[in-house]
Structures are given as C-alpha cells and as structure tokens.
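Lettered A, B and C in written order, each chain numbered from 1.
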Amino acid sequence: MTQQVKISQKNNTFLRKNQWWKYALSLLIIVIYLLPIYAVIMMAFKSPQDLSSRLSMPKELYLGSFEKALDSGNLLNALKNTAIITIGVILIEVIAGCMAAYPLARNHAKFNKFVMNVVLSMMMVPALSIVVGMYSLLVSLHGISTYWGIILVTAAFGLPLSIFLYRNFITAIPESLDEAAAIDGASTLQTFFHVILPQLAPVTVSVIIMKGIGAWNEFAFSLYVLQKSKMYNITLTIKQFFSETSTDLNAAAAGALIAILPTIIVYLVLQKYFVQGTLDSAVKG
Amino acid sequence: MKKVLALVLTLVLAFGCTSAFAAASIEVETTYTDANLDVVTEIAKAFTAETGIEVELIAPGSEYETVMKTRMSSGDLPDVWETHGWAVKRYSEYLASLNDQPWVSRMDPSAASIVTAEDGTIYGCNLTQSMGGCIYNIDVLTEAGVDPAAIHSLQDFYDACEKIKAIGKVPVYIGGKDSGNCAGFMAAIASAMLTAKGNKYDQGAALLDGSFDWETYGTYVMQEVANMVNNGYINTDFTTADTMAQCTAVGAGDCGFLWRHAQNITWARQYVPDANLGFMPYPSFSGEGMAFMAGEAYCLGINKETEKKEEAAKYLEFVSRPENIEKMCRATGALPGFTDVTVEGDYAIDAFRKAQEMYADVVEYTNLFDRQYFPNGMWGVMGESITMVVMDPTETGIAAAVENLKVNYQEKKEADGK
Amino acid sequence: MKRRYRQMNWFYLPALLVMLLFVAYPFLQTAQISLMRWNGYGKVRTFIGLDNYISMFKDANFFLSFRNTLIYGICCTLLQNVFGLALALLVNSRFKGNGLVRTIVYMPIMIAGVVMGYIMYFFLTFNRGILNDILLVFGVQPRDWLSSPFYAVLFITLINSWQYVGNSMVMYLAGLQNIPTAYYEAAAVDGVSTWQGFRHITLPLLIPSIQTCVITNLIGSLKLFDVIVSLTNGGPGHSSQSLATYITNRYFVAEKAGYAAAIGVFTFFFIMILSNVLNRYFAKKEVQY
C-alpha cells in the first residue's frame, strides 16, 4: 500500500515545470473553502447584539455564546449521544454491510442481480417520504427516544451505500482465494471470516469516515425518533437555537464549531488510510 | 477488538434501557426554545420540587408542528402539549375537556372563547395570548411625519406608507420565508375587507356556510395585497426574509410597520435592545373599527388518552398560578390570558396597553381570521397564496392565488364536514 | 460452487432484515396512504382510489419540483465530477501544501447539511448578506439573490456541489494513485503532450472511479433536502423545491398526506428505474475494463 503512495508522488512529470500557478490556485481554493468557516467563527465570538457586517472582526471577544451552547444547549450530553449513535450505526453498517456484499460480489445469479438493483434503488429513496410509516413502526416497537431506534433507522437507510462500497472491494479480491479455501475444506462462513474479512480493513476505514460523518450529522430521522431532549444529538441541539420565537445564531455558530471538532480530529487521524481505503473500494470496480 | 465491541454494545444497551424507567413523570411538549425555554424549565423545576412529579420537556423548536403531526398520526402523544392556536381546530379530537378544572373561572373571557369549541367544551388552558396588530418603529414614523393615532382606515394606512416610502424606508416588512408571517398578513387583510367591524363586503356568513364567492370577493382581497406590492409598500426581499430579518428590520428602523403579533416587539428588542417601537390594531377598510386579533400564545392542553391525567391537571394548575403566568409574559411579550394577572413594566405589553387606550373608541377583539371563518388546514395555504401574489402581482398571479385558496377551502370544508 | 453460492445468500440476512423492517415496510404503508385523502394527523381517512395520482399530473408545482430534482441531480453530479477530478489532479501533483488543500476541501463535508444551509443563508440575504457586502466593495449593487427562482436553484446546486466535492476528490485521487507511473514514463518517451496523456491514459483508467463517483453523487443530489430547507425553504414560492422537499411541504404544510405519499411512491419508482438504467450502462463498461 505504502508503495503505491510513493509511486504516485513521482508520477507527475507532466505537471512539474511551472509551480507558481498551483500555489495561486490553491490559495484561491483555500479562501473559497475557509470563508464560510471564518464567518462562523466570527459569528460565534460576537454578541447577539453586534449587528456589524458578518465578515468584520468582533468588537470585543464574546464568549457567552459558547457558554450558552454548552450550558443551556447541553452540548456535552449531545456529544455523548451522538458518539454512541454514530458508533452503533457504524457497527451495523460495517458488519451487515460487508456480509451482504459478499454474495453480491461473488454470485451473479438473477436473484443477486435483483438484490443489487433493490439495494441501489434504496440508496436513493428520499427518506422523508416514508417518515410516517417509519414513525408508527417505532412507536409500536417502543423505539422512540432510544439509541437502538435511531441506530437501526439510520443504519437501514445507510446500509445500501456501505453494501455498494464493500461489494466493489470484495469483487477485486481474487475468487481463487475462496476456491483454495474451499478445497482445504473451509465452510462458506469460515472462508468469509478467514479469507475475506482480514482484507477488508482499508475499505472499512472509508465506510467509517463516510458513514460516520453522515451519522454524526444526521438530522431528518433524529428529529422524529429522538423526542426527549436528553436523547438529542448534536444537530438537534444546534437546531434548537433556531425557532420562530427566538433565533440565536451566535449560539448556533458556537455549537456548530464545537460539533465539528471531533469529526475533524477523527478525520485527520484516519485521513491517510482514507485515500487508500477509497482507492480499493471505489476504484477497483 | 472484541472486548471493545462488547463494551460498546453493553453501553448502548444499558443507555437504551435506563431511559425507559422513571418515577411519576409527565411528558410536556413545548414550542419554546432558548431563553423562553429556560423560563418554562424553571417553572417545571419548581413544580417538581412542590409535587415530586418529574417533567420531561420536549422542545423541537421550529419543527414543533411537524413533530406533533407525526405524533398525532401515530397515536403517540405527550401528556401535555402546547396548542399554539389550534386547541379547537386541529387538536380537539385528541384533547381532554378541561371544563372542570379549578382555574377555568380565572381565564379571561376573550382568551377562554378562543379555546372553547361550539359545544362549550374547553380544550386549552390559554395562559398567555398573542395579540395580532401593527408594530411600528416610532422613530421612522416621526421622521416620515406619520401620526399613528390618526390611522384608522386602510386608506389612512396607505397614505402613511407613501410618506414612509418618501424617506426611503420600507413601509411594511414581511418575513415571507416563514409561511406564518404571510398567513398572518393575509388574515389581517381578509378580516379588514370581509369580516371585521368597518369591513367592505360583509362576507362572514357566506364564509361559514360555504357559499362564499371566491372569484368575486376572494379576488378583491388578493387585489388589495397586489396593490400594496405594486405600490412598493412591501419589502423587496419578501420571499427570502425570515422572522429574524423582519424583527431586525423593524427594530433597526429599516421599515415602518410589521403586521404581526406583539411578541415580535420582544424579539425585535432582543436584536436591537434600544429599539423604539409602538403597537396599534389592524386598520379596517372604512376605519369605523380596528381589530386586535387574539390568539393562543402559551396555551396548554391535556392528552385525552393519557394515564397521567391527574398529574397533568396538577401541572396546568401550577403553571396557571399568577406568578408563573407573569414570568411567561415577561419572557415572551405575550399578554396574560388570566384576569388575575397584571404585568407591569414589560415593553411589549406596555406598548399594547398604550394602543388599547389610544384606539379605545374603535378597537374590537377578534379571533384569528382563519380559525373563525376557514375550515381546518388553511394556514399553510394562506401563506402559499400570499407568496403567489407577492411574486406575481398581476391578474394572472391573483387568479392563481384565488384558485389555490378556493380549491383548498372547498376540499378541506368537505373533509371538515365529516 | 453452486451449493456454496446458495449458502452465501444467508449473508444477506442481517442487512435484509434491517432494511425490510425500516425501509420496505414503511414504504408499503406510504403506498397505502397514497390512495387516501388524509390531512396527516386526523382520525378520518377517506379512500379515494387513484385521485392523488391524477391530481399529481395536473399539479404544475409537482412538475417544477420534478424538474428541479433532475437539475440538482444532473448538475451537481457534473460539477462534483469535473471539479472533483480537477482538484484531485491538483492535489496529486507535487507541491508544498497539497495535503492542506485536500484537508480543507474535505472539511465542509463534516458540517451538517442543515447547518451549512443556514450559514449560506447568511451569505446570501439581502440585508447584511456577506456576498452583498463583498460585491459592494467592487461597486456591485446589492441584490436579493434568493428571491430569483433562477439564482435560488443555481445557489442550491453550487452550494451542494461545493460542500460535497471533497468526496469526489478523494475518490479520483485514489484512482489517480492507482495508475502505474510506467504508463506516463512511456508516454513521456514518445513525446506525448500533457493533454494527450490525460485524455488517453488518465481518463480511460479512471472509469471505475467515474462510475462510483457518478452513482454516489447522484444519490446524494437526487435526495437533496437539508440545504434546500434551511436555505430557501423551497422558495421563492415553490421554485426551488425538490421532490423530497415538496413531499414534506405537501405533507406537513398543505396537510395533504395522501397526495404527498403519492409523490413519494412516484419518486421511488422513478429512481428505481433510473438506477436500473445506470447500472446496466455501467455493467457494460465494467466488462470492457
């Protein structure tokens, strides 16, 4: 793996002659991407009464919004909830995802093609079109305001994409390995656990990052499933600062800043595996 | 790795289960957020301290209605919830009758009438009322040379708009991105033209029995709105401005008027603390009458099917104590709905009291237009239709908006009849 | 091997159970509601047959949101792929700070769509909007961007593409790093120009990346919801509504649950057909590769 990365560093003899435009372009890109984040930071440190331009620096450093976000918004509790939910969703999507992907990658019978089509269509269903059915179901299962309720619902809608990614990855693993294991007398289950599973680490990193970010920021389902405020996740907590009766943008901005910190840290830690994982799952189709 | 997994799973299960057990506790759904929610929470804590009954507050903020509709459809309602203007029309089939509650006699008659169905059943405890009228920025009106006390008819109002326009300010600002602001505006105009004292066409009876002629009178109403747009009385960023923009505009003196309930005064002063604001009733067509449109602000109802009716009733009794209502009034700028509550020194409420005196000889108190004259479910349609006219204030736009109102009115009237 | 294949099908079980319970079952309920007139919460539901489907085809706003959904789907997919590839080429080339660019471009993905919509709303408002503030420096008169249907749709497309282009960038980056350097070295010996190298070596070898990118981007942008709600709420009027937001609008604002359900069912089948077609197309490509 590291070998491939090293090779890639060399492969751009074409683009190496003039470097200055790359820096200019990069600078432009960085400005375009950091401007909104800059605006959020400015907003978070301004008091709600400061009606100056949204780009200007705060007149004085105001920390009240952070205090409020942490205190009345109960952001720390929300962080804990979100972490539990995200881990649960990732576990289900990883385990059920790679399992379902295995027959999809190996077996090209009509039935499996049909399953693949269903999986792909489900990826695109607008979740809110079926919110009432989903909600009544959870009510009858007593799943409202529970971790397992929101985890299962989020995972159900996220599974298709992780199945899709795992399928692409497993397709790239030579089937001869399976056959060799079969000749040695390994059962299907054993083959899966001993031959396929150990190779899935890179794609799992991609699934964790992509689906983890999705679950971390989940809003549409959480709104219905997580009714009790002590069960709120981060987006619901931030959304609380917006309502018709009183909108506190500054507290929302402060909350948003705190909310993205953990994701950024996890991303920075996992990032070098991420490209590799994506390479194997998305590219070796 | 396996150990970590096992640990995580145990944690997930443990957290999932503990949330199911709690001692005597009631679930209360509230529209309030932020600083207002703090007051609701404070009252709830005092209630728990006194009675030992836990209160689980749920505050979905701007998604309150969506969440409540979903919960109604699934038969999974909280023990107590806020009816925010819909105690009778939308929620009554799920609400318990409150006629035998001890506080009923203390409710202000006008506040009580709003939450009482035709058969006399009281469905809500209308703790505070919202009062619809025109909010104005005193500095802007002074600069434009407008005397609010002289405005009685729509024509007076339009003259004032011309003067405000002349000093380069927006006469009427509507945060049209939030549909409720448009619907509230339509309610006021329709009432001034069709039903309120001093109206032009007197269509109240026809609206109620379903014989209302939309092509004729509906068009008159929407034409009036279109004229205001064509004359440049409405803000040009109507479709994109939200409630916050609307409150900031009136607070900062970018516009003359807001046509919305008095709580907007409190909100405006959150953004612009020294805003100089006044309040007046909605003008009518001829100016013979003027209207304050009263509605529910903080109004609580009890789930008909709850097993904790007693605890819920205790909660309502506690919240309706004068000191608690007063706290809510101060926080939200809404008027007390109970006769034994007086609130001194609150900016928004004082502005309303001043307006009451200033227009004492003409003012009447009406129910929100659509609650009285439209079938259930028209609020969103009203907002949608106003937006259609503002975006296209021509004959085509008006016709399309009237058609939209008519079709929905008839369909919902039919469904209501069942 | 046949028997093993059949055994393998048991591996579907966990995923299938979760999806059947939480996706398929609610969908069937939605299909049932689509045959009724119902306000979404009352106790009265009237069976009206296919009336909701008939009124759907008479509803101009339905076609408008259908058109917008296609615009969002196609334009976002195009933009994210073109710019994703361009960014990947830039980041893949050797210069100081390429890692920084990669991280920063990926950053907006970590912000929730709802929150991003609100942030962008404050860029684009008429009063005190940041875009107007910036343009004023260049002497451009402030305007109310989101009040124009054209700009509303344009900005939603741009913002969504901008926010999620990082995903495509990473996928293309992975694809680029997978291309053996030997190909380029051989090409350099033959005196092939940069453009020709890109056209005849890079692009053909990126087809698997393109496939994954197109499908994942389409999924994201056809379901577009959060950004629209917080940025324009479907407005002005209904002119930036997507099918997903129009369904919620009909359901909760207009209180026409049956009608909203009918649009939901339509959307499901439309997307199923679309993904089927796409799949077949890419299946052919896969064989060639």
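One rule holds in what follows: a contact is a pair of C-beta atoms (placed from the backbone, for glycine too) under 8 Å apart; a residue touches a chain by one contact, two chains touch by 3 or more.
Since the model is a prediction, treat every value here as computed from it, not as a measurement.
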item	value
Overall pattern in which the protein chains touch one another (line/ring/star/complete/other)	complete
Remotest chain, chain C as reference, centres from CA atoms	B
B-C or A-B - the one linked by more C-beta pairs in contact	A-B
Distance from the mean Cα position of chain C to that of chain A, given in whole angstrom	15
Inter-centroid spacing, chain B versus chain A (mean Cα positions, whole Å)	38
Rounded Å distance between chain B and chain C, as computed from the means of their C-alpha atoms	36
Chain C residues counted as touching two or more neighbouring chains	40, 248, 257
Chain B: positions in contact with at least two other chains	66, 70, 73, 178, 248
Residues of chain A whose C-beta touches two or more other chains	51, 131-132, 136, 239, 242, 249
Partner chain A, residues of chain B touching it in the complex	5, 8-9, 11-13, 15-16, 19-20, 27, 31-38, 56-64, 66-67, 70-71, 73-76, 178, 180, 242-244, 248, 252, 263, 267, 270-273, 332
Residues of chain B touching chain C in the complex	65-66, 68-70, 72-73, 90, 93, 176-179, 236-241, 245, 248-249, 254, 376-377, 380-381, 383-384, 387-388, 391, 408, 411-412, 415, 418
Touching residues (chain side chain C, partner chain A) in the complex	1, 4-5, 7-9, 11-16, 18-19, 21-23, 25-30, 33, 40, 87, 89-90, 92-95, 97-98, 100-101, 103-116, 118-120, 122-123, 128-130, 133-134, 162, 167, 170-171, 173-181, 184-185, 188, 194, 197, 207-209, 211-213, 215-216, 218-219, 222-223, 225-226, 243-244, 247-248, 251, 257, 260-261, 263-265, 267-268, 271-272, 274-276, 279, 286, 289
Contact set on chain A toward chain B in their complex	48-49, 51, 72, 84, 87-88, 91, 131-132, 135-136, 139, 142, 144-148, 151, 223-224, 227-231, 236, 239-249, 251
In the complex, chain A residues that touch chain C	4-5, 7-16, 19, 22-23, 25-26, 29-30, 32-37, 39-40, 43, 51, 53-55, 92, 95-97, 99-100, 102-103, 106-107, 109, 111-112, 115-117, 120-134, 136-137, 152-153, 155-157, 159-161, 163-164, 168, 179, 182, 187-188, 192, 210, 213, 216-217, 219-220, 234-235, 238-239, 242, 249, 252, 256, 259-260, 263-264, 267-268, 271, 274-276, 278-280, 282-285
